[in-house]
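Supplied in structure tokens, the structure appears directly below.
Letters A, B, C, D, E, F and G name the chains as they come in the text, with residue numbers starting at 1 for each one.
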Amino acid sequence: MNTVNLTMAIVLGGLYATGFYLLLQRSLMRVLLGIVILGHGANLLLQLAGGSQAGRPPMLGDTPIGRMADPLPQAMALTAIVITFALTTFLLALAYRAWQLLGHDEVQDDVEDRRIRRLEAELAEADEDTERELDSEATR
Amino acid sequence: MVDPEPRHRQRRTRGEHVVSRRYPIGRAVRRLPMLGWLVLVWLLLWGTYDPGTAFFGIVVGVLVIWFFPAPPIATDIRLRPLRLGQLVLFLAWDLVVSTGRVAFEAIVRGPRVRASIVAVTLVTDSDHLMAMVANAVSLAPGNFVLQIDRANRICYVYALGAGEHATERVRREVLGWERRVVHAVGTGEQVRMVDRNHRSEVG
Amino acid sequence: MSWLDLFSAVCLIAGAVSCLFGAIGLLTFPDVAARLQAATKPQTLGLVLILLGSAVHLEVRYASGLILVGLFQAITAPVLAQLVGRAAYRAGSVRRDTLDADHLARRIEHERGRTL
Amino acid sequence: MLALVTSHLLVAFLLPPVAMRHTRAAYLVAALPPAAALCWALAHTAAVLAGDQPVERVTWSATLGLEFVFRLDALALVMTLLVSGIGVLVLLYSRWYFETPSGDAKRSAPLLLAFAGAMFGLVLADHLLTLYIFWELTTICSFLLVGQSGVSRESRRASLQALLVTTLGGLVMLLGFIVLGESSGTYRISQLAAEPPAGSAAAVATGLILVGAFTKSAQVPFHNWLPAAMVAPTPISAYLHAASMVKAGVFLVGRLTPVLSEVSYLPVVTAMFGLLTMFVGGWRALREYDLKLLLAYGTVSQLGFLMVLAGSGSYTGELALAGMLLAHGAFKATLFLVIGIVDHQTGTRDIRELSGVGRRLPWVATVAVLAAMSMAGVPPMIGFVAKEAAFEAYLGGGSVAVVEAGIVLGSVLTVAYTARLLVGGFASKRGTMPTEVHPTPAGMLLPPAVTALLCLALGVAYPLTDELAATYAERAVGGSGDYHLGLWHGFKLPLLFSLITLLGGLALAACNPELNRLRDRLPRPLQAQRGYERVMGSLERLAVGVTGRVQVGSLPTYLGIILLTVLIVPGSVLLLRVTPIEQLRWWDNVLQLPLALVILIAAAGVLRATRRITAVLLVGVIGYAIGGMFIVGGGPDLALTQFLVETLTLIAFVLVLRRLPARFTETPSSRRVRLPKVLISLAGGVFVGFAALIFSSARDTPSAVSREYLERAEEGTSATNVVNAIIIDFRAFDTVGELSVLAVAATGVASLVLSAGSARRRKHARSDRESRFTAGRLPGEGGGKGRT
Amino acid sequence: MTDPRASDGREETAVGAWFHSDAPAERWLLSGYSRDPRERTILLELVARVVFPTVIVFSVYLLFAGHYRSGGGFSGGLVAGQAFVLRYLAGGRLDDSSTVSMRPPVLIGIGLTIAVLTGLVPVLFGGVVLESASFTFAVPLLGKIKVVSSLFLDIGVYLLILGVVLDLLRTLGSGIEADIVELGGGSR
Amino acid sequence: MMGVVFAITFGLLCLAGLLSLVRLLLGRGTLDRIVALDVFITLIVAATCVGMGRNEDGSNVALAAAFALLAFIGSVSAARLVEKKESHR
Amino acid sequence: MSELVAVPVLLPLAAAGLSMAFGRFADVQRLLGLLVLGVIVVDAAVLLYFADVHGPLVLHLGGWAAPVGIALVADRLAALLLLISVVVMFAVLLYSIGQRITDYGRGAASTTFHPIYLVLCSGVSLAYLTGDLFNLFVAFEIMLASSYVLINRRTTASRVRAGMTYTIVSLSSSVLFLTMIGLVYAATGTVNLADLALEMGQLPPAPVRALALLMVIVFGVKSAMVPLHFWLPDSYPNAPAPITAILAALLTKVGIYAMIRTQIVVFEREPSWPLMLTLAMATMIIGALGALAQNDLNRMLSFLLVSHIGFMLFGLGVYDIAGLTGVILYIVHHITVQATLFLVSGLITRYTGTVALSRMGGLAKISPLVAVLFAVPALSLAGVPPFSGFVAKLALLRSGIGVGTVWGYVATGVVVLTSLLTLYAVARVWTRAFWGQVREPEGDPDPTDELVVGTGDTSPGMVQATGVLVLSTVLVAALAGPLAEISQRAATDLITGEAYRTAVLGGGSGG
């Protein structure tokens, strides 16, 4: 029961690839758009996971049950849409706050991590010093 | 609701007509058209036209109006259903014609299309009439209102496909729309004003 | 094919064509103001026609709702046109070279002269 | 036993407040629990010698096999006598040694007591895990005792070194214990001894356990922490690094001798490392000028000797071990305490500065000489008795002879540094001014005097010592031998060896200055301290290097790695084990095609967009088109929500974009960076699309759950819209959760956007409070704020 | 006929003031305060005055129709929220124009509490958490009216979402605007 | 017969949608894009209505109404705020 | 009876709603928070008792039997972790209240902190209790959304980056989670965990394995498993102490819990799982090395957190009853200890005005109490007996040796090595910050910045809360017997899976 057809698979692939690429950027706004697009992709995937795409709305009444689209993934996608929306707005506010505080909205590298990378070089030097110190101590 | 500091309330912009809130019954009556509209919307949405739906429509309409009241306004509206119907029909026809013209311009002229911005001073002095005229004009052939100078009753109309006589043609069209609108919803006074103006133009 | 179907078919196709013309105008017109014309008028007409064409196939209780859709579109399209047009003019996105007459510019000149 | 151990720890826990106010009294209080333990042990001596072993057992966690089991046997008794006896003496000594107001004094009483308790528990343990627990406790106590207030760099370094080296050993040992326990099904030492495990598990366990023993007992190559730890105050060195803690390793090997009797390599390894340690320690001791360091290297050497004996596995060897344990405890404690006195009264421990101390402090010198005799193995001291037994133990041919020779050689070194110690510390030297000496308080001399007399007493009263040692040795090797500890065994080889040692040692001591000059010229390839520094240095470099490379601090990199992991881990499984997908088709509804086209074009447009608003609008197009997909797929509710949310998102974006620059301000990344990003994201897209195909073709029936929703919605929830029925009834809980997410997000947005203003307000409020606070104070005390 | 705004001292130039005003003569939308005339548009205000209550009615329809057709508390709340967005766009910051003037966080809190209580109330009647029940009344003239208890959950959802949208307008909308003014980012 | 009509209608609408998307991509101004988006949404509304007609199932009417409304509010907000941003410059 | 299962989830939510509505009354908010958490502590204890004595307590929400409805399941594992988590949340709330009163005064109410904290509690509880994969996603989102707000509150220019990192990585992992759910549903047509276990049996092996690994990654990001851990040390240390404490203590553990729950309930596997053991080793080593490279106290603790996540992964990798017993014990121990350490770190920065170890000194002299409060959890973290860390570590080591595979042995060796490195790391803190010369505190550089505070003001509430946590770590050690027993029973339940499945699927009658 293959519920995903080739077109939709390509769409999913395209959405995810776009989302991933944007996610890997430094501009917070791009990252945010990436997450929005990924969210779209995930919601689409959820709906596709349900059943045949020729399904009719799951509204009881005229349509026979057998022809209806799977309601559960729809319900889940609905929840997911709202959650993604909530978090998107939060991230948006965060982008604004970052801009307000920093004057730009780029995600920069961690200062402390960079310090440690510098430390490595310093440490190599210091190590030589200790070796020399130990040598002189030994010949004392 | 939002802004804790009422600093923006210190003064009102001059020129605004402030209507007294002292007459509750009058206010309620003024709101009846709105209630009617809301109930109509409710019925159209449900698609079931029975007393139950209507009842709940009234309940919902009253609640909405009561919870979110619009500020009272001075403007009087006199509905003339026949004239209103005429207006709608005219509008529909105009829409078809305007579509044809825009389509023509789009396909034949395309990027080389010409236009004008024409100032038209309206006869009547009323917010909602002006808005309705603007609305109607915007639906009409190749025009839309770009800017309104409410204080001076001027509409600046952007008109597509204009030529030599564009200015005069646009002015006549806009005033024509004003006349139709005033006939449909204006007060007697306003109707007299537009008719007088129309006669002087034609005459 | 009944008369109703025929009516529906004409409405639908005319509506779709109208929409398409609008889209073509959107693409070919030189500036925002002109494109706005294309965006609002043929779209509104097209939508209304399509609503008519579709309503024929629906039960009354559903079809009545379509009236609302048409009304919404008719009321709101001009507002959008005015807002966008105004913004475009202010932002200088309306191409002056396509204009035969520009009373608004004249008025602004006039005001400026009066205050200075 | 449990009560005694607990009382140590409990008193130690309650002692600090007392120590704060009455420092000296605290030492006396602290001496009480070890004294009680000593009395208790002495009271049980007879019983233990008669073969009666008191056992106590408390279960901590049966599931984990975690128990406290204590047993007083001969070895435990020997060690208890040492630990508690010397503990009492050291605590009494400390009462005079520490200056009253110093922080060290306040700190040490409870810590020493806690250490005594841990040590007491350790020697009594009859359960591997019990043993480990107390073992680590002694490590921690030692860390704190050596470091003290940690003001000096040396003390910090030394304590850290001791901690790390011994903990390393401890942990490896724990691993060994677990291997032993898991393979044989019990952690009880007595049970293990009854049925000694054999095979590879036992062999591996032994190796691991020996690492623990070697580190704790300062065997080469782990020995160097011990001399470094000499930065500790002398009583602490005397107790920890001479009498008790460092013996734990030797004790462990002795304790486990019966358990590991099936492991054939044990004696070889212990002998090898023990002898090496004996030489290295002795050799270094001959070079040191600091009396304490000299003694410390001497201890290292002695520990090597003890380790050789502990691993011997022979009756006589174990006998010698028991004797030597007592002997070493007694004489080394004495010597440390004496050197403490010298240091305390003269202000120096340097051989080159000390002169004529023996004359000024005759009693002290006498005590020192007594102990030194025991150390050198001069009759009738216990040291001699034990050493005789050791020489006896390795009489024989082949490899045993090598060990014998090694012991003799090591003992020569011992005698030599003993002589160096006595002469250097107490003799009058030409060319050196007599050192100024303060008189010694009697209370300070008493403890070393007691232990010195003990050296003598244990030697003279050798039958008693022998009985004690024999009881242990019998248990250790599971049978008795015919050798007995004693002063006189006739003219036999051991006596000759003793003589050789003494004479050789004295000769070596005499020509030591020349030797030292020679030594200074020799290269030193093996230096334990340097090895330790190197290991720590490279550890730090490794840490910084690895962290610097792994933790690059760049968010895109992190996300890229996460994506790569997804691609590599589940992706490879999917790729490697793929089966052909059935029922492939291009579309289910033709309308999917144009919508798909719109989505893909818009997505490409987002990637290319340079203006923020353009990108946002294009994302909007994607959202609306997906809404279209939802309609096509039969999900009007979904589409409605999608449209509404999309519009709201668009509005929210636009609201914020008012404030941000029109274009993306990002610095364009170089091609080198962009290509991997493109590849990773493309691969990610392919993975998801591919996975969607594979997973959705894996199922062959419609969802049974969904069927139930469709069938039960109307009667169950009286709803015809099944999706709505799921949302507010069947799975209403999801909805409640989702609501809280919304509420939280909205609150968060408010706190972010509105916080700028409120932060400013708060700052004012705070500085107001602050100024009021400072204004209310007296002008003089403006500086330091309320500290505890 | 004189232009009252042409001589307004607040504006930098009269041209700017005139150029930026489409302000209607009356307050179509706002009862409380007057806003910068440059930001007013007669057409939008007038349309919003009609569309706003219409959309609210529509949202209430969605809330109640959700059980049977497309709609539900989410859609309803979101649509109502959009009505306020329109009002905000036409009239500027949301003022005291509604009878119930409630801070959005309070609205959110109430919505959440209602939703959770809907889950907990059945327990008081010996049911299971989140169990639903339906009651049918026959009312003369109006016919049968069916009330499902899970409707209250939907109402909670509706209120909460409305609160969230209002909060967004308060923060991302007015909050950022105020920020621009405070920091002198704007040209006014 | 009606099927063909519906197919043609859908086809034309899709074509129009793609054209508006092209305008959205080309720009040049933000306002152009906003207008294009508005057209795009209106086209989706139209397509939804056509779909309802084809399936003879009107349960999506509310959907269409909501879309029409949203397109308006979304476009107005974008236009309004773009305008504001310009005036804040 | 089964209604009690819903209390830890719904009560804090209702209270959060009220707390939001009463946003202007500080005392009401405080009281509400403490009261609700107190009630939940009692409730969790009762749940644990019942789950242990009578088997899993299942609440079929809305009366809909799983898999139609969502089931909340309080089995031994969930109840135990819930209990310990709520206790920690209670203590941290106490600390927070103390800190806020000290810094902002008694009247300072917050529309943010108290409601969000309660929602966080609800999310954590739900994550433990839910028996449904999608609901687990919702739980995670509740939890994460709250954490985003808490971590980004009052952020400063120098640290807004940290919040972004955290938020973006978490959001990305949420997207992965959602994708995973989509794939799971596509393959099985259900999202109920117990039901999934049955459906998985009918699938070909490739998708099943891929799903299992995808779940590992999704929860691996949340629990900071190497190589998905980078975000944690860059973000957690940059929040105020109580926030870091609660996030570090609970969120990663919930990730681990979810990983254990899904892997063991849904999938089947033989003991000793090489991949997981490898990941565990990498996590332990990289984390420990990272800790050694740090000068910032909070960052160091964060790296140690990563490292010790490796311990838990190790137990999961052993994949038998002994291993899981060890993990459960370890989680219980680590929740309390890690929270305590971050709280103490908060106290330390109050005395020193810095987080840099190189600028600290003589703390043991300045405040012996803080020294003790640090020493106990630090030693416990290093697994030194007789503290809780030792007990938990012992359980892990025994399982690693007991499983009898080469992978098991190697990984056990790494556990030992990591213990040593941990000890080294905390001992360095001791030697640098607590020993050495007493330093004058660096003043409070930025009063709006809650992370670095050099005022030296500590309210009794903060110290008491820390003390309560220290005592609870001691208590965990003291109660090792019963805890280990119940952990073992929980692990047995997990491995056999029968009790869980019948409780969820077999028990309820539909509708």
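In the analysis below, a residue touches a chain if its C-beta (ideal position, glycine included) is under 8 Å from a C-beta of that chain, and two chains touch if they have at least 3 such contacts.
In UniProt terms the chains read A = Multicomponent Na+:H+ antiporter subunit C; B = Multicomponent Na+:H+ antiporter subunit E; C = Multicomponent Na+:H+ antiporter subunit G; D = Multicomponent Na+:H+ antiporter subunit A; E = Multicomponent Na+:H+ antiporter subunit B; F = Multisubunit sodium/proton antiporter, MrpF subunit (TC 2.A.63.1); G = Multisubunit sodium/proton antiporter, MrpD subunit (TC 2.A.63.1).
Remember, it's a predicted structure, so these values are computed and weren't measured experimentally.
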{"item": "Touch-network distance, subunit B to subunit G, counted in steps", "value": "2"}
{"item": "Winner on C-beta contact pairs when C-E is weighed against D-E", "value": "D-E"}
{"item": "Centrality ranking, top chain (CA atoms only)", "value": "G"}
{"item": "Chain centre separation in whole Å, for subunit G relative to subunit A (CA means)", "value": "22"}
{"item": "Whole-Å gap between the CA centroids of subunit B and subunit C", "value": "16"}
{"item": "Distance between chain centroids, defined by C-alpha means - subunit A, subunit E (Å)", "value": "32"}
{"item": "Per-residue multi-chain contacts in subunit D, two or more chains", "value": "540, 544, 547-548, 551-553, 555, 559, 636-637, 640-641, 644-645, 647-648, 651-652, 655-656, 658-659, 688, 692, 695-696, 699, 701-703, 705-706, 709, 720-721, 725, 727, 729-738, 740-750, 752-753, 755-756"}
{"item": "Overlap residues in subunit F, where contacts from two or more other chains coincide", "value": "17, 34, 57-63, 65-66, 69-70, 73, 76-77, 80, 82, 84, 87-88"}
{"item": "Residues of subunit A touching at least two other chains", "value": "3-4, 16, 19, 23, 31, 41, 43, 45, 48-50, 56-57, 59, 72, 76, 78-79, 82-83, 86-87, 89-90, 92-94, 96-97, 100, 107, 110-113, 116, 119"}
{"item": "In the complex with subunit E, residue positions of subunit F that touch it", "value": "59-60, 62-63, 65-66, 69-70, 73, 76-77, 80, 84, 87-89"}
{"item": "Complex contacts: residues of subunit F adjacent to subunit D", "value": "10, 14, 17-18, 21, 24-25, 27, 30, 33-34, 37, 40-41, 44, 47-48, 51, 59-60, 62-63, 66-67, 70, 73-74, 77-78, 81-82, 84-85, 88"}
{"item": "Contact set on subunit D toward subunit E in their complex", "value": "636-637, 640-641, 644-645, 647-648, 651-652, 655-656, 658-659, 717-721, 724-725, 727-729, 732-733, 735-736, 739-740, 742-743, 745-747, 749-750, 752-754, 756-757"}
{"item": "Of subunit E, residues touching subunit F in the complex", "value": "20, 38-39, 44, 51, 55, 58, 61-62, 65, 69-71, 75, 79, 82, 85-86, 89, 180, 185-188"}
{"item": "Complex contacts: residues of subunit E adjacent to subunit A", "value": "68-70, 74, 164, 168, 171-172, 176, 179"}
